[in-house]
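To keep things simple, chains are lettered A, B, C and D as they appear, and every chain counts its residues starting from 1.
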Amino acid sequence: MNGGTIEAPTIEYALLAPMLLVFGAAVVGVLIEAFAPRYLRKSIHVPLTLLALAGAFLLTILQAVREGVPTTPAAMGAVAVDGPALFIWAIILVLAFVSTLLINDDEQFVAQAAAVPGSSDEEDAVRHGYAQTEVYPLLLFSVGGMLLFPAANDLLVMFVALEVLSLPLYLLCGLARRRRLLSQEASVKYFLLGSFSSAFFLYGMALVYGYAGSIDLRAISSSLGTVVGQDTLLYVGMAMLGVGLLFKIGAAPFQAWKPDVYQGAPTAVTALMASTVLVAAFGAVLRVFWVALGNLDWDWRPVMWGVAILTMVVGAILAITQTEIKRMLAYSSIAHAGFLLTGVIATGGAEQNKEALSALLFYLVAYGFTTVGAFAVVTMVRDAGGEAGHLSRWAGLGKRAPLLAGIFAFFLLAFAGIPLTSGFFGKYAVFAAAVAADALPLVVVGVVTSAIAAFFYVRVIVLMFFSEPAADGPSIAVPTVGTSAVVTLAAAATVVLGVFPEPVLNLADQAASALFIR
Amino acid sequence: MTTHYLVLSALLFAIGGAGVLIRRNAIVVFMCVELMLNACNLAFVTFARQHGNLDGQLIAFFVMVVAAAEVVIGLAIIVMIFRTRRSASVDNANLLKY
Amino acid sequence: MQSPAEIVPHSGGVIGVSWLMIALPLLGAAILLLGGRRTNKWGHFLGVAMSLGAFVVAVLSFMELLGLDPDQRRRGFELFEFIPGMVNLGMLIDPLSISFALLITGVGSLIHIYSVGYMSHDRDRRRFFAYLNLFVAAMLLLVLSDNYVGLFIGWEGVGLASYLLIGFWQHKPSAATAAQKAFIVNRVGDFGLLIGIFTIWTTFGSLAFGDLTHEVTGQASQGTLTAIGLLLLLGACGKSAQLPLQSWLLDAMEGPTPVSALIHAATMVTAGVYLVVRSGAFFEAAPTAQLVVTIVGVATLLAGAIIGCAKDDIKKGLAGSTMSQIGYMMLGAGLGPAGYAFAIGHLITHGFFKANMFLGAGSVMHAMNDEVDMRRYGALFPVMKITAVTFIVGYLAIIGFPLLSGYYTKEGIIETAMHHNAILGWLAVLGAGLTGFYMSRMVFMTFFGKKRWADDAHPHESPAVMTWPLIILAIGSIGLGAFLVLGNRFMTFLSPAVGLPADVPEPHVFGVGPAALATLALVAAGAAFAWFRYGAAQVPALAPRGSFLTTFARRDLYGDALNEALLMRPGQWLTRIAVFFDNRGVDGLVNGLAAGIGGTSGRLRRVQTGYVRSYALSILFGAAAVVGALLYVGNI
Amino acid sequence: MPWLSILMAVPVLGAVGVALLPKGSDKLAKQLALAVSLVVLALTVAMAVQFSPNGNRFQFEEKYAWIPSFGVHYGVAVDGIALVLIALSAILVPIVVLASWHDAEGATRLDLKSEAVPPKRSAKTYFALLLVLEAMMIGVFAATDIFLFYVFFEAMLIPMYFMIGSYGGVQRSYAAVKFLLYSLFGGLLMLVAVIALYVVAEKNTFMFPELVGAIQDPTTQKWLFAGFFIAFAIKAPLWPFHTWLPDAAAQAPAGAAVLLVGVLDKVGTYGMLRFCLELFPDASKFFTPLVIVLSVVGIIYGAIVAIGQTDMKRLIAYTSISHFGFIAMGVFAMTQNAQSGATLYMVNHGFSTGALFLVAGFLIYRRGSAQIADYGGVQSVAPLLAGAFLIAGLSGLSLPGLAPFVSEFMVLIGTYERYAVPAIIGATGVILAAIYILWMYKRTMNGPTAEPVKGFTDLNGREKWVVAPLIAMIVALGFFPKPLLDVINPAVDQTLTNAQVTDKQPVSTVAEKKGAGQ
């Protein structure tokens, strides 16, 4: 864009179709809230949401197979729908679909957010069986943001996407049906810290813009080295961009929000955040540090090393002493973010190491499914006050519900990276890539922390199987069709990816071989 | 010439950040965040001027819109928690810890 | 001097099936152990039959051997491949091994028969015979194998049998302990033997006796040979209760008396002598080792004799004398080919008269309802004549009464020793004197003097099944020595196996020359002194405190005290320390590490205060850190 | 005919079958498990007879691409060493099934509520786990693809972890966690080495035969060796990595303990022999002194600590530590005799320790305590039981005529050929062995019969069937080890060739003289 004349932009609608579909559905959802009678809303929302996500998924696949992978950014270089982007879209859409099945559960969300907890209003709301159906459009908006986030080929779009994906989540976090105080607190914390960090992102963006004179990733990358005497601008900007992104993936020292939010938020939303958001965020990280700053990798890599190590260590060590299941899973997700970061480091800079990229993508798939599954199980273990979060309540679960406990144990083993689970191949792929990229020390730290991390997964298994059940142990909620479907799917994915990872690995390879377009 | 504006924006950003850290009232904290965003806007406009292209100014508009959206969400959340706790102090909300 | 003959590959004939000697008793043991209670009724007969069967095979093989001309008398053949590339199990039938086989199966069978009577009241008689058969099989494997590994298998096999039989009355803690002690002390010896075998293998690349001829051993360095010799000697000391590994033998008397007779007098304990003689090729090439053997022998023969002087327990007394007599054999074995013949000869005669006396002692105990304290005996001659007479024959044989078995063989050893090294010779003579004393003491205390019986004792002669073996053994004790020694009969028979000595001393009917006369004189003196002390005089029913020397002897020369102070106590401490170190040290480190991580985690959690402002602060610091780092990295 | 795959498939299917049995059909489960394990045994025998000792090194080869992207194959085959170890597993499992008949029934089966007896658990699960474990044990020895080996190496931990954790003694969960984490830690270090091996070798395959000799650079070799070796040393376990074993073995039910010490730990020594030596010959030579020292320390240390134990199963565990010292010493002595001996030792030790643990298990089943002090005079009331215990014990102190003697003799003599002093020190182990075995025997079996022991019944039919085959094997192999050695020797030759070492020749001429004869 050079001042003066403004020509009409060209938009490749076909390419952007999945996104547009999701956003459109979201808008429709808002209209439904506005006009549909309350008793109808849910029954319209659910199919709408599911269809929208499924449709978007199909469109993505179609895009990948029919059109082939485009080699130039779309929408005037604002959005880059390339191999990795498509792959990430597919993951996000599937996981979002799965999470939606979880969200479709009256026990998850508050009857009426406006009603003060414990007030008579709330009782009425509950009695009338109200439901906060705004959840669905919010979800769709957020997912839309997630789709745009990793595909953004220009910092502004990325910022907007960041906000679009975050803002609905802030709200969703506050809508838990039980323990509303915790939920609301989580919401506030997430919101304040989130906006705080996005301010950093924005300022970084400003500085980079100041350096490069453009916010287009390609332009930035091509401007590197051409501008003299402005390096400080660049480095500080790069750092602040990094802060914004690392916050989203919950890397230390920006992880503080994760445990609190994961614990407070409705479990279904936690599942969504733990899986899809992580995927989207890593997509964005890769794009920024690769497409835009690829040529500076010798500068940012050491810092990334530090962050990765710190993240792995903090995640693993802090998790050991957790007593709340969701909180523990939050820390575990921090640790996994650390492992993923080793993958990011392995992808390196401009030379675009595709093995590492595909490894990373595979890891995201494997981890995403397992996480959703794990949280799905968490939603099913309940007692009087809602979900039985405290670990002590899980004692002897293996006796009361062998199958469920077994599946959960299996998920935990997958987190721990035991062979014949998807987690193992994820870890293996990433570590292998890292070793190939001369990041051996990082890998050693990785395995040591995984050994530490294994401890708390094992601890839960001990609780569930080896200790005698508590007298007033939690009951196992009869799962909704959705929930059981989620658990089954996740378990199946974990097994299949653990035994025959080849197909998905191939997909990831193809996606990676196209690489990020610049 | 534009340096002063940059310094100013940096100062604003710092003030905002400091505010987030030291103020207790959620609203004020949130306002500080807004201040940081606006500091960014100033920076963008300045750089736009420096580079002689419009991107920066354009971005500023986008940021304002986003900020507005954030305000909506933020106020909603803060009001929600205020109604429950009868206080908007961020320090009261610390049930989730360790 | 002529070295042993080559081993001739053999096939066919009785010797071809000589493995039956091992197989039969082994089969017997297997049947009796696996058969369980079913075999209780006839088990002991089966045991006897198997032993006798082995004896028959032995005799036949012996005949067949005699049929061959002397340099053809070493017959060997392979049974099966044991460790491919290292060693095959095979038989070696030569004069040496066959003499042992005859002794083992012959005396063994007699003792089997005796035991039928002796153990008739024991509810576990079947098991007893199973163990006896097991022992016979193992012992035969020991002496008949044509290599060191087979020998070692038999070696530990007899150890096992002895363990089982000493502890036969395992419900008695003393018996269990004695058995355990015997096995462990033997293991110390076996350790030496093992290392010896290793050295032989690594030095010569073979473990078969046939390969390890004088020419072969000659090639190795003196140091190696001495080492091998001493290591083998260590093994021999363990098995034959020679100093310093003698301590187990006296405790071993906890076993039933037939066991003491067969294993701890006649056969097993002499395996050490067999080993030394069999390994002549090494010892003869290593004079130092030989010297040590003789020294050990002499030391033990004196020690045994001294112990024997002080024991009131008849079996322990006999055990002491066994030690001492084996000392003599060891001495002989250390003197090279010249000594071998006498050593083995004495071994065989000793097998007879010592077995004879042990069984006699058993008969006495049988009569005195298992009283072993000689101070409670006395004047038993009239009531149990056969036992007494046979016992006395054995007694005369062991003290070397002219013309009886012991006289010739022991005399031969002393002569050779004298001829070889005067000091050793005179010490041996002194030992003979002591023998005269303590054996006479035993006889007088048991069969003569006044009654000192317990009130409920009603002594009576034992049944025929027990007395007949005594009689046969007694006959052996009388004539065997003369038969073997006169005309160098045994020496010439043995020489193909061990090599003929350079200078064969002329055997004589009566002791001529200083040594022989001195021996006779000393023995007579000792006997007289014994009579004066225990025959004529009144023997107190309770042992008097006695002089320092007596206590010294009674306490087995403080051997146990020494072991306890030097090995047991430190060992126990070491164990305790090791266990503690393992729990606190090694494991402590592991658990400590885990606890450390846990602690860190517990403390680190506290950072998560729950105050959103502190989170923001951490973000800010983090951001500052990242910015700083990037600027730093960027500007280098 | 894909023998090895069948050998693995049968128990897995059996496990599924057992697991799917309806609730309460424990008896049927036991019978089915027994049947399946016997079928496996039959198949193993059928395979073993077709093995031609002097044919190719690896026989019954199967190789299919599993994960091409990682260069991973499903590659299985056996050489003599693997064959005998597979045979060992196949023989032990039916025996263990038979021995564990009542292990799952817990304290309910006895009126005495004792610490050593765990509460009742599902027998079905126990036997299903047992069969899964069998499949993995076969797989780990059969794998010719290093990645596949690693997968089994790690996956094996899980069933054993559950067997210890849910069916073990009073401290079972502590023991189980310790076992799992300790082994997992080693395994993860090995993972790094595996990855590095793949990356450095640049062969794009994990097939063992192709990787032999792939690593030339000595420094690299040393690092990779370390990675593999530590894992194996923990598994074996070698001093000072042994402390998990006494806990695990003492807490595990007797049957599981047998498989743990008898087979699982062999994977460690097997790995040293197969992978450390052949993949990293130079490094192996470099580290030999260290390993020999560790082994010797282990021999003596294990024996001494064993003497000081008051708990039967702990005592047996420590004796095994001593024995593993022998095996490792034999492996690294690098002589024909020592390595054949070590391999034979792995098999014999399986039988003798197996017998010891099982008979000890029978005692504990009767008395409800593993404390040696709680026994005394058993021989008078249960002679057969005592006899079995004695024979097992004697084989434990490697009495000539019983199987372990041959192997111990070969190991020592083979070591002596190269390293006289360690061999001599190691040989003192035979004295210590006599002490710990006989002393335990005396305290439990001899002397006056203790009051609680009076009621002991002698071995019943089932128990006889458990003990008989073991003792038969021990005696048979004690006098006729040739069949095994004929299978083992060629494989060991190959190993030594790949490890680039040759035997030392004795000084004298005897060897040449009878060279033909031997």
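In the analysis below, a residue touches a chain if its C-beta (ideal position, glycine included) is under 8 Å from a C-beta of that chain, and two chains touch if they have at least 3 such contacts.
Remember, predicted model here, so these are calculated numbers, not experimental data.
**Student:** Which chain has its Cα centroid closest to the overall Cα centroid?
**Tutor:** Ranked by how close its C-alpha centre lies to the overall one, first comes D.
**Student:** Where are there more C-beta contacts: A-C or B-C?
**Tutor:** Counting C-beta pairs in contact, A-C comes out ahead.
**Student:** How many angstrom lie between the centres of subunit A and subunit C, each centre taken as the mean Cα position?
**Tutor:** So the centroids are 79 Å from each other.
**Student:** Averaging only over C-alpha atoms, locate the centres of subunit B and subunit C and give their separation in whole Å.
**Tutor:** Comparing mean C-alpha positions, subunit C is 97 Å from subunit B.
**Student:** How big is the gap, in whole Å, between where the Cα atoms of subunit B centre and where those of subunit D centre?
**Tutor:** Using C-alpha averages as centres, the distance is 66 Å.
**Student:** With chain centres taken as the means of their Cα atoms, state the distance from subunit A to subunit B in Å.
**Tutor:** 25
**Student:** List, in ascending order, every residue of subunit D touching at least 2 other chains.
**Tutor:** Expected reply: 181.
**Student:** Which residues does subunit B have that touch at least 2 chains other than itself?
**Tutor:** Only 17, 20, 29, 90, 93-97 qualify.
**Student:** Would you mind listing the residues of subunit C that make contact with two or more other chains?
**Tutor:** Subunit C, residues with two or more chain partners: 594, 605, 608, 610, 612, 616.
**Student:** Report the complete set of touching chain pairs.
**Tutor:** Chains touch in the following pairs: A-B, A-C, A-D, B-C, C-D.
**Student:** Can you name the residues of subunit B that touch subunit C in the complex?
**Tutor:** 17, 20-22, 24, 29, 90-91, 93-98
**Student:** Within their complex, state which residues of subunit C touch subunit B.
**Tutor:** Within the complex, subunit C contacts subunit B at residues 605-606, 608-613, 616-617, 620.
**Student:** What part of subunit D is in contact with subunit A in the complex they form?
**Tutor:** Subunit D residues touching subunit A: 66-70, 119, 150-152, 154-155, 157-158, 161-162, 165-166, 172-173, 176-177, 180-181, 184-185, 188-189, 191-192, 195-196, 198-199.
**Student:** Enumerate the contact residues on subunit A facing subunit B in the complex.
**Tutor:** 1-3, 113-114, 116-117, 156, 159-160, 163, 167, 170-171, 174, 180-182, 184-189, 191-192, 195-196, 199, 202-203, 205-207, 209-210, 213-215, 259-260, 263-264
**Student:** Quick one: in the complex, what on subunit D touches subunit C?
**Tutor:** 178, 181-182, 240, 242-244, 301, 304-305, 307-309, 336-337, 377, 379-380, 384, 387, 394, 399-401, 405-406, 409-410, 412-413, 416-417, 420, 423-424, 427-428, 430-431, 434-435, 438-439, 442, 445-449, 479-482, 485-486, 489, 504-511, 513-514, 518
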